[in-house]
Amino acid sequence: MQFHELTIPTSERRQAIDVTDRIDAVVADSGTAEGLCHIYVPHVTAALAVNEAKDPLVMIDVLDHLARLVPADGEYRHRCQDDNADAHVQAALLGNQRTFFIRNGRLWLGTYPRIFLCELDGPRRRQVWIGISRG
Amino acid sequence: MQFHELTIPTSERRQAIDVTDRIDAVVADSGTAEGLCHIYVPHVTAALAVNEAKDPLVMIDVLDHLARLVPADGEYRHRCQDDNADAHVQAALLGNQRTFFIRNGRLWLGTYPRIFLCELDGPRRRQVWIGISRG
Amino acid sequence: MQFHELTIPTSERRQAIDVTDRIDAVVADSGTAEGLCHIYVPHVTAALAVNEAKDPLVMIDVLDHLARLVPADGEYRHRCQDDNADAHVQAALLGNQRTFFIRNGRLWLGTYPRIFLCELDGPRRRQVWIGISRG
(Lines give C-alpha, C1' and ligand atoms only; values in the text may rest on other atoms or scores of the structure.)
Protein backbone atom coordinates (compact mmCIF):
# COMPACT_ATOMS: atom_id res chain seq x y z
CA MET A 1 0.00 0.00 0.00
CA GLN A 2 1.39 3.36 -1.05
CA PHE A 3 -0.02 6.45 0.64
CA HIS A 4 -0.10 9.91 -0.89
CA GLU A 5 -1.66 13.17 0.16
CA LEU A 6 -2.85 16.06 -1.95
CA THR A 7 -3.65 19.51 -0.57
CA ILE A 8 -6.39 21.32 -2.47
CA PRO A 9 -7.15 24.93 -1.58
CA THR A 10 -10.77 25.88 -2.25
CA SER A 11 -11.89 29.41 -3.03
CA GLU A 12 -15.67 29.46 -2.43
CA ARG A 13 -18.14 28.25 0.17
CA ARG A 14 -19.51 25.60 -2.20
CA GLN A 15 -17.44 24.34 -5.09
CA ALA A 16 -16.76 21.19 -7.10
CA ILE A 17 -13.12 20.76 -8.10
CA ASP A 18 -12.09 18.14 -10.65
CA VAL A 19 -9.16 16.31 -9.02
CA THR A 20 -8.98 13.45 -11.52
CA ASP A 21 -5.77 14.52 -13.25
CA ARG A 22 -3.96 15.10 -9.96
CA ILE A 23 -4.94 11.64 -8.69
CA ASP A 24 -4.11 10.03 -12.02
CA ALA A 25 -0.64 11.58 -11.89
CA VAL A 26 -0.09 9.99 -8.46
CA VAL A 27 -1.25 6.64 -9.87
CA ALA A 28 1.08 6.96 -12.87
CA ASP A 29 4.03 7.87 -10.62
CA SER A 30 3.36 4.91 -8.34
CA GLY A 31 4.37 2.39 -10.99
CA THR A 32 1.32 0.25 -10.20
CA ALA A 33 0.13 -1.44 -13.39
CA GLU A 34 -3.03 -3.01 -11.99
CA GLY A 35 -4.76 -2.53 -8.68
CA LEU A 36 -6.99 -0.28 -6.68
CA CYS A 37 -6.92 3.41 -5.84
CA HIS A 38 -8.69 4.37 -2.62
CA ILE A 39 -9.58 8.04 -2.14
CA TYR A 40 -10.56 9.54 1.20
CA VAL A 41 -11.13 13.14 2.26
CA PRO A 42 -10.47 13.47 6.02
CA HIS A 43 -13.20 16.08 6.43
CA VAL A 44 -16.82 16.25 7.58
CA THR A 45 -17.92 19.27 5.53
CA ALA A 46 -16.33 18.22 2.24
CA ALA A 47 -17.08 15.15 0.14
CA LEU A 48 -16.37 13.29 -3.08
CA ALA A 49 -18.54 12.82 -6.14
CA VAL A 50 -18.10 11.02 -9.44
CA ASN A 51 -19.77 12.65 -12.41
CA GLU A 52 -19.30 14.24 -15.82
CA ALA A 53 -16.77 17.05 -16.32
CA LYS A 54 -17.38 17.66 -20.03
CA ASP A 55 -20.26 19.98 -19.15
CA PRO A 56 -19.20 21.80 -15.94
CA LEU A 57 -22.85 22.69 -15.38
CA VAL A 58 -23.51 19.09 -14.31
CA MET A 59 -21.61 19.44 -11.03
CA ILE A 60 -23.07 22.91 -10.52
CA ASP A 61 -26.50 21.26 -10.80
CA VAL A 62 -25.45 18.59 -8.28
CA LEU A 63 -24.33 21.14 -5.68
CA ASP A 64 -27.23 23.53 -6.37
CA HIS A 65 -29.82 20.79 -6.08
CA LEU A 66 -28.17 19.45 -2.94
CA ALA A 67 -28.54 22.95 -1.47
CA ARG A 68 -32.25 22.90 -2.34
CA LEU A 69 -32.66 19.53 -0.59
CA VAL A 70 -30.51 20.52 2.40
CA PRO A 71 -30.81 24.30 2.59
CA ALA A 72 -28.44 26.55 4.52
CA ASP A 73 -31.39 28.05 6.39
CA GLY A 74 -32.99 24.70 7.32
CA GLU A 75 -33.91 23.59 10.82
CA TYR A 76 -30.75 22.24 12.40
CA ARG A 77 -29.62 21.94 15.99
CA HIS A 78 -25.88 22.09 15.35
CA ARG A 79 -24.96 25.75 15.72
CA CYS A 80 -21.22 26.07 15.89
CA GLN A 81 -19.46 29.32 15.10
CA ASP A 82 -19.47 28.37 11.43
CA ASP A 83 -23.24 27.83 11.17
CA ASN A 84 -22.52 24.96 8.81
CA ALA A 85 -25.02 22.21 9.70
CA ASP A 86 -26.15 22.08 6.05
CA ALA A 87 -22.62 21.16 5.00
CA HIS A 88 -22.49 18.25 7.48
CA VAL A 89 -25.77 16.80 6.21
CA GLN A 90 -24.78 17.22 2.57
CA ALA A 91 -21.41 15.55 3.23
CA ALA A 92 -23.19 12.56 4.79
CA LEU A 93 -25.29 12.17 1.64
CA LEU A 94 -22.37 12.37 -0.81
CA GLY A 95 -19.82 10.41 1.22
CA ASN A 96 -16.10 11.07 1.70
CA GLN A 97 -14.50 8.05 0.04
CA ARG A 98 -14.35 6.19 -3.25
CA THR A 99 -12.49 3.22 -4.73
CA PHE A 100 -11.32 3.06 -8.35
CA PHE A 101 -9.60 0.50 -10.52
CA ILE A 102 -6.09 0.96 -11.85
CA ARG A 103 -5.30 -0.66 -15.19
CA ASN A 104 -2.33 -0.18 -17.50
CA GLY A 105 -0.82 2.06 -14.84
CA ARG A 106 -3.64 4.61 -14.89
CA LEU A 107 -7.02 5.30 -13.29
CA TRP A 108 -9.58 3.23 -15.19
CA LEU A 109 -12.76 5.30 -14.91
CA GLY A 110 -14.63 4.90 -18.18
CA THR A 111 -15.42 7.58 -20.74
CA TYR A 112 -17.36 10.12 -18.70
CA PRO A 113 -16.73 9.63 -14.96
CA ARG A 114 -14.40 12.13 -13.29
CA ILE A 115 -13.59 12.57 -9.60
CA PHE A 116 -14.67 15.78 -7.86
CA LEU A 117 -13.74 17.14 -4.46
CA CYS A 118 -16.91 18.83 -3.22
CA GLU A 119 -16.27 21.77 -0.94
CA LEU A 120 -19.41 22.38 1.10
CA ASP A 121 -18.17 24.88 3.70
CA GLY A 122 -15.17 26.71 2.27
CA PRO A 123 -13.00 28.34 1.43
CA ARG A 124 -10.49 26.10 3.21
CA ARG A 125 -7.40 24.05 2.56
CA ARG A 126 -8.62 20.47 1.99
CA GLN A 127 -6.74 17.20 1.85
CA VAL A 128 -7.30 14.22 -0.40
CA TRP A 129 -5.72 11.00 0.82
CA ILE A 130 -4.82 8.40 -1.77
CA GLY A 131 -3.98 4.75 -1.13
CA ILE A 132 -2.71 2.63 -4.00
CA SER A 133 -2.66 -1.13 -3.72
CA ARG A 134 -2.11 -4.03 -6.09
CA GLY A 135 -5.49 -5.40 -4.98
CA MET B 1 -6.61 -8.65 -9.03
CA GLN B 2 -8.96 -10.25 -11.54
CA PHE B 3 -11.04 -7.97 -13.74
CA HIS B 4 -14.36 -8.90 -15.28
CA GLU B 5 -16.97 -6.96 -17.18
CA LEU B 6 -20.70 -7.50 -17.46
CA THR B 7 -22.91 -5.85 -20.05
CA ILE B 8 -26.45 -5.21 -18.86
CA PRO B 9 -29.01 -3.92 -21.35
CA THR B 10 -31.73 -1.83 -19.73
CA SER B 11 -35.23 -1.46 -21.12
CA GLU B 12 -36.73 1.60 -19.43
CA ARG B 13 -35.72 5.15 -18.59
CA ARG B 14 -35.58 4.34 -14.86
CA GLN B 15 -35.13 0.78 -13.67
CA ALA B 16 -33.48 -1.22 -10.88
CA ILE B 17 -31.97 -4.51 -12.05
CA ASP B 18 -30.83 -7.13 -9.56
CA VAL B 19 -27.32 -8.09 -10.70
CA THR B 20 -26.38 -10.10 -7.60
CA ASP B 21 -26.50 -13.53 -9.18
CA ARG B 22 -24.48 -12.46 -12.19
CA ILE B 23 -21.77 -10.98 -9.95
CA ASP B 24 -21.85 -13.99 -7.64
CA ALA B 25 -21.29 -16.29 -10.63
CA VAL B 26 -18.18 -14.28 -11.54
CA VAL B 27 -16.96 -14.57 -7.95
CA ALA B 28 -17.58 -18.35 -7.92
CA ASP B 29 -15.77 -18.77 -11.26
CA SER B 30 -12.78 -16.78 -10.02
CA GLY B 31 -11.79 -19.44 -7.51
CA THR B 32 -11.24 -16.82 -4.81
CA ALA B 33 -12.12 -18.31 -1.44
CA GLU B 34 -11.78 -15.15 0.64
CA GLY B 35 -11.29 -11.58 -0.41
CA LEU B 36 -13.00 -8.51 -1.75
CA CYS B 37 -15.24 -7.83 -4.72
CA HIS B 38 -15.18 -4.27 -6.03
CA ILE B 39 -18.05 -3.19 -8.27
CA TYR B 40 -17.95 -0.07 -10.45
CA VAL B 41 -20.33 1.20 -13.11
CA PRO B 42 -18.41 3.41 -15.58
CA HIS B 43 -21.38 5.72 -16.08
CA VAL B 44 -22.62 9.10 -14.82
CA THR B 45 -26.37 8.51 -15.26
CA ALA B 46 -26.49 5.02 -13.77
CA ALA B 47 -25.63 3.95 -10.23
CA LEU B 48 -25.53 1.10 -7.74
CA ALA B 49 -27.71 0.44 -4.72
CA VAL B 50 -27.83 -2.27 -2.08
CA ASN B 51 -31.28 -3.17 -0.82
CA GLU B 52 -33.90 -5.87 -0.44
CA ALA B 53 -35.04 -7.90 -3.46
CA LYS B 54 -37.59 -10.08 -1.69
CA ASP B 55 -40.21 -7.37 -2.16
CA PRO B 56 -39.47 -5.78 -5.57
CA LEU B 57 -41.54 -2.77 -4.50
CA VAL B 58 -38.67 -1.67 -2.24
CA MET B 59 -36.42 -0.67 -5.13
CA ILE B 60 -39.39 0.83 -6.96
CA ASP B 61 -39.91 2.99 -3.85
CA VAL B 62 -36.23 3.95 -3.86
CA LEU B 63 -36.28 5.10 -7.50
CA ASP B 64 -39.72 6.73 -7.23
CA HIS B 65 -38.79 8.65 -4.11
CA LEU B 66 -35.48 9.70 -5.66
CA ALA B 67 -37.48 11.11 -8.57
CA ARG B 68 -39.61 13.10 -6.13
CA LEU B 69 -36.47 14.52 -4.48
CA VAL B 70 -34.70 15.17 -7.79
CA PRO B 71 -37.52 15.64 -10.31
CA ALA B 72 -37.10 15.42 -14.07
CA ASP B 73 -38.65 18.87 -14.44
CA GLY B 74 -36.50 20.55 -11.76
CA GLU B 75 -34.37 23.66 -12.27
CA TYR B 76 -31.12 22.48 -13.83
CA ARG B 77 -28.62 24.24 -16.03
CA HIS B 78 -27.28 21.15 -17.81
CA ARG B 79 -29.38 20.88 -20.95
CA CYS B 80 -27.78 18.39 -23.27
CA GLN B 81 -29.71 16.71 -26.04
CA ASP B 82 -30.83 14.07 -23.54
CA ASP B 83 -32.32 16.54 -21.05
CA ASN B 84 -31.05 14.26 -18.30
CA ALA B 85 -29.78 16.54 -15.53
CA ASP B 86 -32.00 14.75 -13.02
CA ALA B 87 -30.20 11.48 -13.76
CA HIS B 88 -26.78 13.06 -13.10
CA VAL B 89 -27.88 14.42 -9.71
CA GLN B 90 -29.53 11.14 -8.71
CA ALA B 91 -26.41 9.20 -9.71
CA ALA B 92 -24.29 11.46 -7.52
CA LEU B 93 -26.54 10.68 -4.54
CA LEU B 94 -26.54 6.89 -5.02
CA GLY B 95 -22.89 6.49 -6.08
CA ASN B 96 -21.41 4.24 -8.76
CA GLN B 97 -19.27 1.82 -6.74
CA ARG B 98 -19.47 -0.66 -3.90
CA THR B 99 -17.16 -3.14 -2.15
CA PHE B 100 -18.29 -6.54 -0.86
CA PHE B 101 -16.69 -9.37 1.04
CA ILE B 102 -16.04 -12.77 -0.49
CA ARG B 103 -16.14 -15.74 1.85
CA ASN B 104 -16.23 -19.45 1.07
CA GLY B 105 -15.87 -18.57 -2.58
CA ARG B 106 -19.08 -16.53 -2.78
CA LEU B 107 -20.36 -13.01 -2.23
CA TRP B 108 -20.99 -12.61 1.50
CA LEU B 109 -23.84 -10.11 1.67
CA GLY B 110 -26.04 -11.14 4.57
CA THR B 111 -29.64 -12.32 4.45
CA TYR B 112 -31.40 -9.41 2.76
CA PRO B 113 -28.90 -7.22 0.89
CA ARG B 114 -28.82 -7.59 -2.89
CA ILE B 115 -26.95 -5.52 -5.48
CA PHE B 116 -28.92 -3.41 -7.96
CA LEU B 117 -27.81 -1.62 -11.07
CA CYS B 118 -29.91 1.55 -11.14
CA GLU B 119 -30.64 2.82 -14.63
CA LEU B 120 -31.53 6.50 -14.37
CA ASP B 121 -31.51 7.56 -18.03
CA GLY B 122 -32.15 4.51 -20.17
CA PRO B 123 -32.75 2.44 -22.04
CA ARG B 124 -29.06 1.86 -22.74
CA ARG B 125 -26.44 -0.84 -22.68
CA ARG B 126 -24.68 -0.51 -19.31
CA GLN B 127 -21.47 -2.04 -18.02
CA VAL B 128 -20.66 -3.35 -14.58
CA TRP B 129 -16.94 -3.69 -13.86
CA ILE B 130 -15.91 -6.25 -11.27
CA GLY B 131 -12.54 -6.50 -9.55
CA ILE B 132 -11.80 -9.51 -7.38
CA SER B 133 -8.88 -9.46 -4.98
CA ARG B 134 -7.67 -11.63 -2.12
CA GLY B 135 -7.71 -8.50 0.08
CA MET C 1 -7.85 -10.72 4.90
CA GLN C 2 -8.99 -10.90 8.51
CA PHE C 3 -12.74 -10.91 9.17
CA HIS C 4 -14.38 -9.72 12.35
CA GLU C 5 -17.95 -9.17 13.39
CA LEU C 6 -19.42 -6.78 15.91
CA THR C 7 -22.94 -7.01 17.26
CA ILE C 8 -24.48 -3.65 18.14
CA PRO C 9 -27.85 -3.58 19.88
CA THR C 10 -29.84 -0.45 19.10
CA SER C 11 -32.44 1.04 21.44
CA GLU C 12 -34.55 3.40 19.32
CA ARG C 13 -36.26 3.39 15.93
CA ARG C 14 -33.76 5.93 14.55
CA GLN C 15 -30.35 6.33 16.12
CA ALA C 16 -26.74 7.11 15.22
CA ILE C 17 -24.20 5.10 17.22
CA ASP C 18 -20.51 5.98 17.15
CA VAL C 19 -18.73 2.67 16.49
CA THR C 20 -15.29 4.14 15.79
CA ASP C 21 -13.62 2.99 18.99
CA ARG C 22 -14.94 -0.56 18.66
CA ILE C 23 -13.66 -0.80 15.09
CA ASP C 24 -10.36 0.80 16.02
CA ALA C 25 -9.88 -1.80 18.77
CA VAL C 26 -10.36 -4.57 16.20
CA VAL C 27 -7.79 -2.89 13.96
CA ALA C 28 -5.31 -2.55 16.83
CA ASP C 29 -5.79 -6.21 17.82
CA SER C 30 -5.25 -7.37 14.23
CA GLY C 31 -1.61 -6.38 14.27
CA THR C 32 -1.93 -4.75 10.84
CA ALA C 33 0.42 -1.78 10.64
CA GLU C 34 -0.70 -0.44 7.26
CA GLY C 35 -3.61 -1.40 5.09
CA LEU C 36 -7.32 -1.06 4.60
CA CYS C 37 -10.33 -1.56 6.83
CA HIS C 38 -13.57 -2.42 5.03
CA ILE C 39 -16.81 -1.97 6.96
CA TYR C 40 -20.12 -3.47 5.87
CA VAL C 41 -23.49 -3.66 7.61
CA PRO C 42 -25.44 -6.68 6.31
CA HIS C 43 -28.76 -4.88 6.59
CA VAL C 44 -31.18 -2.99 4.35
CA THR C 45 -32.71 -0.70 6.97
CA ALA C 46 -29.47 0.34 8.66
CA ALA C 47 -26.54 2.21 7.15
CA LEU C 48 -23.17 3.82 7.80
CA ALA C 49 -22.20 7.48 7.92
CA VAL C 50 -18.98 9.35 8.50
CA ASN C 51 -19.30 12.63 10.33
CA GLU C 52 -18.36 14.66 13.39
CA ALA C 53 -18.88 13.23 16.88
CA LYS C 54 -17.60 16.23 18.86
CA ASP C 55 -21.05 17.81 18.66
CA PRO C 56 -23.56 14.92 18.87
CA LEU C 57 -26.20 17.25 17.42
CA VAL C 58 -24.54 16.88 13.99
CA MET C 59 -25.66 13.27 13.55
CA ILE C 60 -29.06 14.11 15.04
CA ASP C 61 -29.34 16.75 12.30
CA VAL C 62 -28.33 14.19 9.67
CA LEU C 63 -31.00 11.68 10.74
CA ASP C 64 -33.66 14.35 11.34
CA HIS C 65 -33.09 15.96 7.97
CA LEU C 66 -33.08 12.58 6.25
CA ALA C 67 -36.49 11.97 7.83
CA ARG C 68 -37.74 15.26 6.38
CA LEU C 69 -36.50 14.28 2.91
CA VAL C 70 -37.78 10.69 3.19
CA PRO C 71 -40.69 10.91 5.63
CA ALA C 72 -42.20 7.93 7.44
CA ASP C 73 -45.62 8.88 6.11
CA GLY C 74 -44.52 9.32 2.48
CA GLU C 75 -46.06 7.58 -0.52
CA TYR C 76 -44.47 4.14 -0.71
CA ARG C 77 -45.68 0.87 -2.14
CA HIS C 78 -43.67 -1.45 0.15
CA ARG C 79 -46.01 -2.20 3.02
CA CYS C 80 -44.59 -5.07 5.02
CA GLN C 81 -45.64 -5.74 8.58
CA ASP C 82 -42.99 -3.26 9.73
CA ASP C 83 -44.25 -0.36 7.61
CA ASN C 84 -40.62 0.64 7.09
CA ALA C 85 -40.33 1.78 3.46
CA ASP C 86 -38.81 5.07 4.62
CA ALA C 87 -35.94 3.16 6.26
CA HIS C 88 -35.18 1.28 3.01
CA VAL C 89 -35.01 4.50 1.00
CA GLN C 90 -32.88 6.27 3.60
CA ALA C 91 -30.49 3.30 3.75
CA ALA C 92 -30.06 3.44 -0.04
CA LEU C 93 -29.08 7.11 0.22
CA LEU C 94 -26.54 6.65 3.04
CA GLY C 95 -25.06 3.32 1.90
CA ASN C 96 -24.07 0.30 3.95
CA GLN C 97 -20.30 0.14 3.44
CA ARG C 98 -17.15 2.21 3.83
CA THR C 99 -13.39 1.76 3.38
CA PHE C 100 -10.80 3.35 5.65
CA PHE C 101 -7.03 3.49 5.77
CA ILE C 102 -5.00 1.83 8.50
CA ARG C 103 -1.70 3.48 9.42
CA ASN C 104 0.59 2.87 12.36
CA GLY C 105 -1.70 0.03 13.39
CA ARG C 106 -4.80 2.22 13.83
CA LEU C 107 -7.69 3.63 11.85
CA TRP C 108 -6.44 6.73 10.06
CA LEU C 109 -9.51 8.94 9.81
CA GLY C 110 -8.33 12.52 10.24
CA THR C 111 -9.21 14.92 13.04
CA TYR C 112 -13.02 15.05 12.85
CA PRO C 113 -14.38 12.03 10.94
CA ARG C 114 -15.94 9.29 13.04
CA ILE C 115 -17.86 6.19 11.93
CA PHE C 116 -21.56 5.90 12.81
CA LEU C 117 -23.90 2.96 12.53
CA CYS C 118 -27.22 4.50 11.54
CA GLU C 119 -30.22 2.57 12.81
CA LEU C 120 -33.22 3.51 10.66
CA ASP C 121 -35.79 0.93 11.76
CA GLY C 122 -34.92 -0.24 15.25
CA PRO C 123 -34.61 -1.23 17.90
CA ARG C 124 -32.81 -4.35 16.68
CA ARG C 125 -29.57 -6.23 17.07
CA ARG C 126 -27.32 -5.06 14.22
CA GLN C 127 -24.08 -6.45 12.88
CA VAL C 128 -21.02 -4.62 11.62
CA TRP C 129 -18.69 -6.73 9.50
CA ILE C 130 -15.04 -5.70 9.39
CA GLY C 131 -12.44 -6.86 6.89
CA ILE C 132 -8.82 -5.93 7.45
CA SER C 133 -6.30 -6.29 4.65
CA ARG C 134 -2.74 -5.16 4.05
CA GLY C 135 -3.93 -3.47 0.85
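Each chain carries a letter (A, B and C) given by its place in the written order, and its residues are counted from 1.
Here is the rule we go by: contacts are C-beta pairs under 8 Å (C-beta built on N, C-alpha and C of every residue); 3 or more make two chains touch, one makes a residue touch a chain.
Since the structure is predicted, the reported quantities are computational estimates derived from the model, not experimental observations.
Student: Go ahead and align chain B to its copy chain C using Cα positions, then give the rotation in degrees, nearest 5.
Tutor: C-alpha superposition angle, chain B on chain C: 120 degrees.
Student: Please tell me whether the contact surfaces of chain A and chain C are same or different in residue numbering, using the over-half criterion.
Tutor: Counting shared over all numbers used gives less than one half: different.
Student: Just curious, how far off is chain C from chain A if you go by their C-alpha centres, in Å?
Tutor: Each chain's C-alpha centroid was found; their separation is 20 Å.
Student: Quick one: which residues in chain A touch 2 or more of the other chains?
Tutor: 69, 93, 95, 99
Student: Which chain A residues qualify as touching chain C in the complex?
Tutor: Interface residues on chain A, with respect to chain C: 1, 3, 38, 40, 42-44, 69-70, 74-78, 80, 85, 88-89, 91-93, 95-97, 99, 127, 129, 131, 133.
Student: Can you list the chain A residues touching chain B in their complex?
Tutor: 34-36, 49-52, 55, 57-58, 60-62, 64-66, 69, 93-95, 98-101, 103, 108-113, 134-135
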